[in-house]
Amino acid sequence: MDVTLLLILLFIGAVATYFSGNAIASKVALFFSVAALGVSLALLNQFSQGTDISFSAQWIKNPNVLFALKADGLSIAMVLLTTALTPLIVLSGFGNNFNNAKNFYALVLFMAFAMIGTFLASDGFVYYIFWELSLIPIYFIALIWGNGDAEARKKAVIKFFIYTFAGSLFMLAAFIYLYQKAGTFKWDVLVGLDLSATEQFWIFLAFFLAYAIKIPLIPFHTWQANVYQKAPTIGTMLLSGIMLKMGLYSVLRWQLPLAPNAAKELQYIIIGLALAGVVYGSIVALKQKDLKKLLAYSSLAHVGLIAAGCYAMNMDGLRGAVLQMIAHGFVIVGLFFAAEVIYRRYETRTISEMGGIRQQTPKFASMFMILVLASVALPGTFNFVGEFTVLYSLSTENMVFAVIGGTTIILGAFYMLRMFQHAMLGETNAKMFADVTVSEGIVFVAIIGFLLFFGLYPKPIIELITPSIQEILVHVK
Amino acid sequence: MNTLIAIAVLGVIVLLAEIFNLRKAIIPVTLAGLIATLGLTVTEFGVTESHYNNMIKVNNFTVAFSSLFIVLTIFLIALSADFYQERASKISDFVSIKLFLLAGSVSMVSFGNLAMFFLGIEVLSIALYILAGSDRLNVKSNEAGMKYFLMGSFASGIILFGIALVYGAVGSFDMDMIYEASNSATTVDWFYIGVSMITVGMLFKIATVPFHFWAPDVYEGAPTLTTATMSTLAKVTAMATFFKLNMAMNGNMKFEYELVIVIVSIASMTVGNIMALRQNNIKRMLAFSGISHAGFMVMALLNLQNATGSLFYYTAAYGLAGIAAFTVVIYVCKGKDNENIENFNGLGKRNPLMAGILTASLLSMAGIPIFSGFFAKFFLLNQVLNAGWLVLVIAGVINSMIAVYYYFKVVSAMYTKEATEEPAKVPFEFYIVAVLAIGLNIAIGLFPSALMDLF
Amino acid sequence: METILKEIGVETYLYLSALLFSIGVFGILLRRNAIVMFMSIEIMLNAVNMMLVAFSTYHQDASGQVFVFFSMAVAAAEVAVGLAILVSIFRNHGSVDIDNLKNLKG
Amino acid sequence: MGEIIFYALAAVTLGTALLTIFSRNPIHSALSLVVCFFSIAGHYLLLNAQFLAIVHIIVYSGAIMILMLFTIMLMNLNKDDESHKPIAAKIAATIAFCLVGLVLLAGLLRTKPVVESYYYSGEDFQSIKVLGKVLLNEYMVPFEFASVLLLVAMIGAVLISKKDKEKSLK
Amino acid sequence: METSLVLLLLLAPFVGFLSNVFLGKQFGRTGSGVLGTLAVVASFIATVIFFMQVNSTKEAINIHLFDWIAMGKFSIGFDILLDQLSLLWLMFVTGIGALIHLYSISYMHDDENTHKFFSYLNLFVFFMIMLVAGSNLLIMFIGWEGVGLCSYLLIGFWYKNQDYNDAAKKAFIMNRIGDLGFLIGIFIIGYLFNTLDFVALKQAILAGNGTANLALIGTAALCLFIGASGKSAQIPLYTWLPDAMAGPTPVSALIHAATMVTAGIFMITRLNFLFELAPDVKMIIAVVGVFTALVAAAIGLVQNDIKKVLAYSTVSQLGLMFLALGLGAYEVAVFHVITHAFFKACLFLGSGSVIHALHGEQDMRNMGGLRKAMPVTFITMLISTLAISGIFPFAGFWSKDEILLTAFHGNTVLWVLGSIASIMTAFYMFRLMFLTFFGEFRGTEEQKHHLHESPALITVPLIVLAVLAAIGGAINLPGNNWLNHYLAPLFKGHEAHHLDNTAYMLMGIATVGALIGIGIAYSMYISKKQVPEADDKVQGLHKVLANKFYLDEIYMAVIVKPIYALAKFSRDYIEKGLSNIVFGFGTVADGLALQGKKMQNGNIGFYLFAFVFGLCSIVYYLFFVR
């Protein structure tokens, strides 16, 4: 059994969902996503027993491209993030009635397929293909099933697409350049290349553009809030929960090992940019009227911190970044889902039109509260583990970084609690707020359970990812 | 050689069929004949020989491109039955002209002598003039025909002038002699004036800046199936020929010449893409997109030794995507007096399959992975960088993202806007053509080696 | 057989052809009457033909002249097709002024 | 002697060519062009290409120009009805003319076309016999292919001019 | 055995929390209260057992539960450290916690969300135990943030009132400002010593490993102090604590008086070996402490809300504790923490009893004469007031006196300021007593009609606490110094002050001072029967004090408003601007396309001209430009 099984399963799942018909599409998608989770857990088991679950075969002879999927701890962790979130994301759609549900869920599964491919690929070209491929489904998901005025949505979505596409094209150019040097796209060979300082600089920049837009770092983030707002919540979850992590993962997997010297040279600038994003995102989030937009900016702030951890380029930074990626993936999905749950009942995303929900649904309020707290990295939640590790790594680089990055602790609490207060607390709302349904409850409980469990016992994840991060660090140093 | 004869004979058979009142048999017979010819052509793969005093040369290049042309023609002719429904009495003319056009194409890639090249390009051009102006009661079609004719003849004059100069310098029309001369130090300098004039003429045929102005007008005015022919078969043919000519005449290309190619390439990509942004007529838009693709394709000239495979792949990807796209365009715009993008509103609901096919083909043209258009661009850029032209790679990359905008404009029209009318019935052969074309496109995307390793 | 080339050299023919060719280009740009434009194209083609013949003589090689036959065939074919298009335009527009053909633009 | 004839002919060629493009009346243009073609035939004779000269006259003056004249007559274009051209077009045309002329001439001059003088080997290369042999042996394929070209042109001309018979295929 | 007992200690409140969350509704209001109380009592019992053990063996108990976070150079375990200090703290946390739980059963009986209240309270105790018993800084930090969370939840317990929610939010955020400092301190410590474990840290410092960089250690200490000042409401982060009185009174008693707010003192005491290396920081702590004591006491002079007075009093007392810490007298600070916990908890509970009786009335101007109606409350509160005012022989006398004594030995200015603060304390505390319990009742008739003594569930904890407030000083009487000896293993050879003449003199001065304060209060509120004026009539210094030196307004204007303005500006302009830059590329391309459309004008002449032009340029370039 190797990792291709996972890809095949999800691809078949997408096709099967497409042909299953609108009525049962969501269930079929759920089935396949749960199956994928099962398979990935089985793969994890095999991996931890030392079995080789990688896959490699010649794909194109000229230029020399291998269809190579390498599973190391880092990849598996990201794959598990994807396969764990996908069922939840699919399940969270149970409360919506999508037109053409079969297309919708097929696209969701297809996107999971592409993202898993991105996480696993160890051949630059294959990686790039999966990377781009993941853009297509989300484009359609946001375009067709999104909300709000169609023209504005189109504008936002196309901007997103072109913007991210633009960034990644430069990455492609860099890959081609590297291929000319190495004669292959294989990760191990590429990272072993001896590149001059100038070459590294430009390659680093090309990759940086791709990742800075995807992650996004300021000032490349302008697509984010609008798309998050306009996309259907499931799309937003896919984007914020997994797709952002693709950018961060890629920084670790590709950018840093490929151009370590350039990374070191530009380290301070980029960490500065990332941390500026932390502060800026938090501040902008303060005055957002739209719940999803607020969450989008909070996401901007959080990924800024993760990115800073990545570029800290030490053990703690990288490890913390990975932990925080996983934690943030879960929590942001949960938060967006909470927004969706409110929307289903109140048909609004404007915070000022909510309020007083807690009285009606204490259960929902508590779960939302826990998610909010996890998002502000309360100790005991998984997010704290990540955030602490990242901030610590920053402090070992430069104490100023840790202080600036640490403002997220204050500002994050500021805007999140402000949001929670106005959205949930206050006088009981006149409108009825039905209690959470079973499917909604499952999603919340799963996410919260995950966050709390690994908040106290992150050891399995740390042990999973550490060896591969060490390998990356060997190339970076 | 056999291919050329077979195609010409097939053309004559079609004409005869009309005389014997076998009109209904024309298209099936043609398709069968073309498929047989395709088989015949493919069997010649791996053979390198020349026929009739080196008039026709057969090698892998020839066979590969001829097969591609035949495939494209099969699709185009399959669409003819429905497209020319209103003018059934002339179906034999249309089909035979297309077949002769194909013969011209084949001779253009398999010539061993400039005479064959010139005749081939003229057969192709004249056939296209006719097809462009064939809708005789339509003012637009007239205008397109006239514009194309005037500019095309002008370009033919330039090419002819170039050929004359080359002949003057070499004393022969034979490609082998010319190749030798091009590599010889004693060759008279005007040889290169001739070469550059031929180059300009070919740049006109593939519609690159600044020789591109005809393309949008003619594409828009011509009947849609003709536009499809022009933008797929004709452009691909011209590009292959151009490449072949350069291999023969420009073996050791000068830096200045390369620079001209680079500038033309960048200008074409940029102008094509930027102009396409504001187009509301899909045929016009595809014309500008074709211009930008032409800009991409001429990149292949910068790496003449290695880029054959890449160019072939690109032309195949582009041609197949074009066929698929135009199939949908023909279906959607049937019975409409324009081809505006509004016609595509709500196609995603009216006819998901057709919308999906158009989406896929546009994505392929935009260079989104897994569709072969992406691989095509990638392979070409790879070759270009191999030749050391980083600036062109960057220009190509920037242009790729501009292009996304207008392709996606159509896509989002299909999926977000509400449909204005009831879905029309799709002729069976349209489905077959569109699905086959896009299927082939994706298939070569999944297995690029199938084409790349031919050379 | 003596030819003129002995006296004036093939280059003079080159210049003559180039001039004639330029006149053809001039004509096609100057005139708006489609028929006269056709004629200009014929001038261009003839300029080339003349050059081909001159080279043929110069190289003492028949293929140049053979090529001229093809060139003539092409010219004839072009004119036939061009006139056919012209006629249909004339039927629709009532004139052959190409300045009327500006519907396709933008 | 030959030189004088050549220059005289060249003058006629260029002059009539210019007349062709400057005449306001298409008929005059056509007639000037016929004269131009004749002068070109004269050049062919000077170059000893007698067969070609005859063919040239037959094809161009006899066929092509007649076709054009026919068309002109048919469409009643024998009047000066060309709309007034904008001055910009004239300037553009002149610039283009100068550009092409200059570039081509200068290019040819600069490359110093023929340095050595012309030697005639005495071999027969342009008699009808030789031409026939070359055309039908060496150039057999293009010769045949030219028929395809003409066939296409013929079908095309018919296709464009002929009225459709409204009859469905299916 | 030990481990399971530790788990009982730790998890009993957590189990209480869980069962109250999930099953609270089924238990009913009283049931959930009882459950919550029992959970804390269980912890208390476990604490007592450990306390006995440690007191006899003098050996700290260190238990490794499981690995938590692995860092690059060190790993952080989920460890529990039960030594003298933590057990002492646990004793009163769980002890007073149990009492307050008991009290709450009655106090919160009429609330619709009783089970939530108890679950939060249990959760608080859980986190507090974690804070105190954690064996390394990060576990402490879990508790640290956790109690902050509970504080947030409980302040905003009546969540329908957005003002309360604002107060809760404010508390959380101000705490988080401190927490950032704490975190930075942790980072520096981790960076310097590669461990966060207290025991290892102490060993490292005593061995002199990693102590070379004194500046960095000083920074760490300062950052930790910032953390402490956030949690323990010191200048400039104290403004949340008075607002936190929005929560139910038992919460104020437990969290905002007895336990959570002393966490800062606990942390500094815990890390005393570190602070010893940073004398400058200690000086800062002392100065900040004394100024906090003064400022808060000054504000407390004019407050009319009964709980606000107590809140400022708490801030003031905490300031005195920090003064002691800053002077290196950790055990003195601890002593005051304990006594303060007794009498302040008692005071808050007593005020709760009053508020309960008056159905939510908190303004002292509307009280008066409650002495007769509520005798038990009155007496217990009087004892506590005497204690806080530093009247012999109540607990507060001993501890406060020790602080002043220390200050006197350390720095006379500090002593003077501290003494002034304690005089003010005596004044406003008796002002509270006089306004509340003496004179005539000033409330509405209906309130008067319903005046009653609180039920036993309320009075019993009051009595217990009052007793402790009265005799609590016994644990560290001069001469006996049990506490000093008990804590001795933690501190580096710090000598207790001998009872010499100076000490007696100082005791006298303090007592006299307190009596003066009481006397002024008596003359104003009993003799002259003054009642504080309405808020809009106050003027001059009084107005400044009533408005808390306008500190909230200043914070609002200097920090919050600018941040909001920046947020708005960013949202409306920067975001749009950035967005427009991106769209700018599109706009440029679009403009070019429009121009290009004009060029594509349909004119064949132009097309041909372009053609010729291109031809000529190419040929020209290839043959003339070399």
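General remarks:
Each chain gets a letter, A, B, C, D and E, in the order it is written, and its residues are counted from 1.
Here is the rule we go by: contacts are C-beta pairs under 8 Å (C-beta built on N, C-alpha and C of every residue); 3 or more make two chains touch, one makes a residue touch a chain.
By chain, with names taken from UniProt: A = NADH-quinone oxidoreductase subunit M; B = NADH-quinone oxidoreductase subunit N; C = NADH-quinone oxidoreductase subunit K; D = NADH-quinone oxidoreductase subunit J; E = NADH:ubiquinone oxidoreductase subunit L.
No experiment lies behind these values; they were computed from the predicted model shown.
Number of steps on the shortest path from subunit D to subunit E, with steps defined by chain touch: 1.
Note on connectivity: the fewest steps through touching chains from subunit A to subunit E is 1. Chain centres defined as mean CA positions place A nearest to the mean of all protein CA atoms.
The count of contacting C-beta pairs peaks for the chain pair C-D.
Once the centre of each chain is set as its mean CA position, subunit A and subunit C turn out to be 66 Å apart. With centres set at the average Cα position, the gap from subunit B to subunit C is 27 Å. Look at where the CA atoms of subunit B average out and do the same for subunit E: the two points lie 77 Å apart. Subunit E has its Cα centroid 97 Å from the Cα centroid of subunit C.
For subunit D, the set of residues that touch two or more other chains comprises 89, 92-93, 96, 100, 104, 107-108, 110-111, 113, 138-139, 142, 146, 149, 152-153, 156-157, 160-161.
Shown for subunit C are the residues in touch with two or more other chains, namely 10, 14, 21, 24-25, 28-29, 32, 58, 61, 63, 66, 70, 74, 77-78, 81, 84-86, 88, 98-99, 101, 103-106. Checking each pair of chains for touch leaves A-B, A-E, B-C, B-D, B-E, C-D, C-E, D-E. The touching residues of subunit C, when paired with subunit D in their complex, are 1-16, 18-27, 29-33, 35-36, 38-40, 42-43, 46, 49-50, 53-54, 56-58, 60-63, 65-66, 68-70, 72-81, 83-88, 90, 95-97, 99. In the complex of the two chains, the subunit E residues touching subunit B come out as 586, 589-590, 592-594, 596-597, 600, 602, 604, 606-608, 610-611, 613-615, 618-619, 621-623, 625-626. Remark: subunit B residues 309, 348, 352, 363, 368-370, 374, 378-379, 381-382, 385-386, 390, 393-394, 397-398, 400-401, 404-405, 408-409, 411-412, 415-417, 448-449, 452-453 touch subunit A in the complex. Chain contact summary for the complex, subunit D toward subunit C: residues 2-3, 5-6, 10, 13-14, 17-18, 20-23, 26, 29-30, 33, 36-37, 40, 43-44, 46-49, 51-52, 55-56, 59-60, 63-64, 67-68, 71-72, 74-75, 77, 81-83, 85, 89-90, 92-94, 96-97, 100-101, 104-105, 108-109, 113-114, 117-118, 120-123, 125-126, 130-131, 134-135, 138-139, 142, 146, 149-150, 152-154, 156-157, 160-161.
Partner subunit E is touched in their complex by these residues of subunit C: 25, 28-29, 32, 98-99, 101-106.
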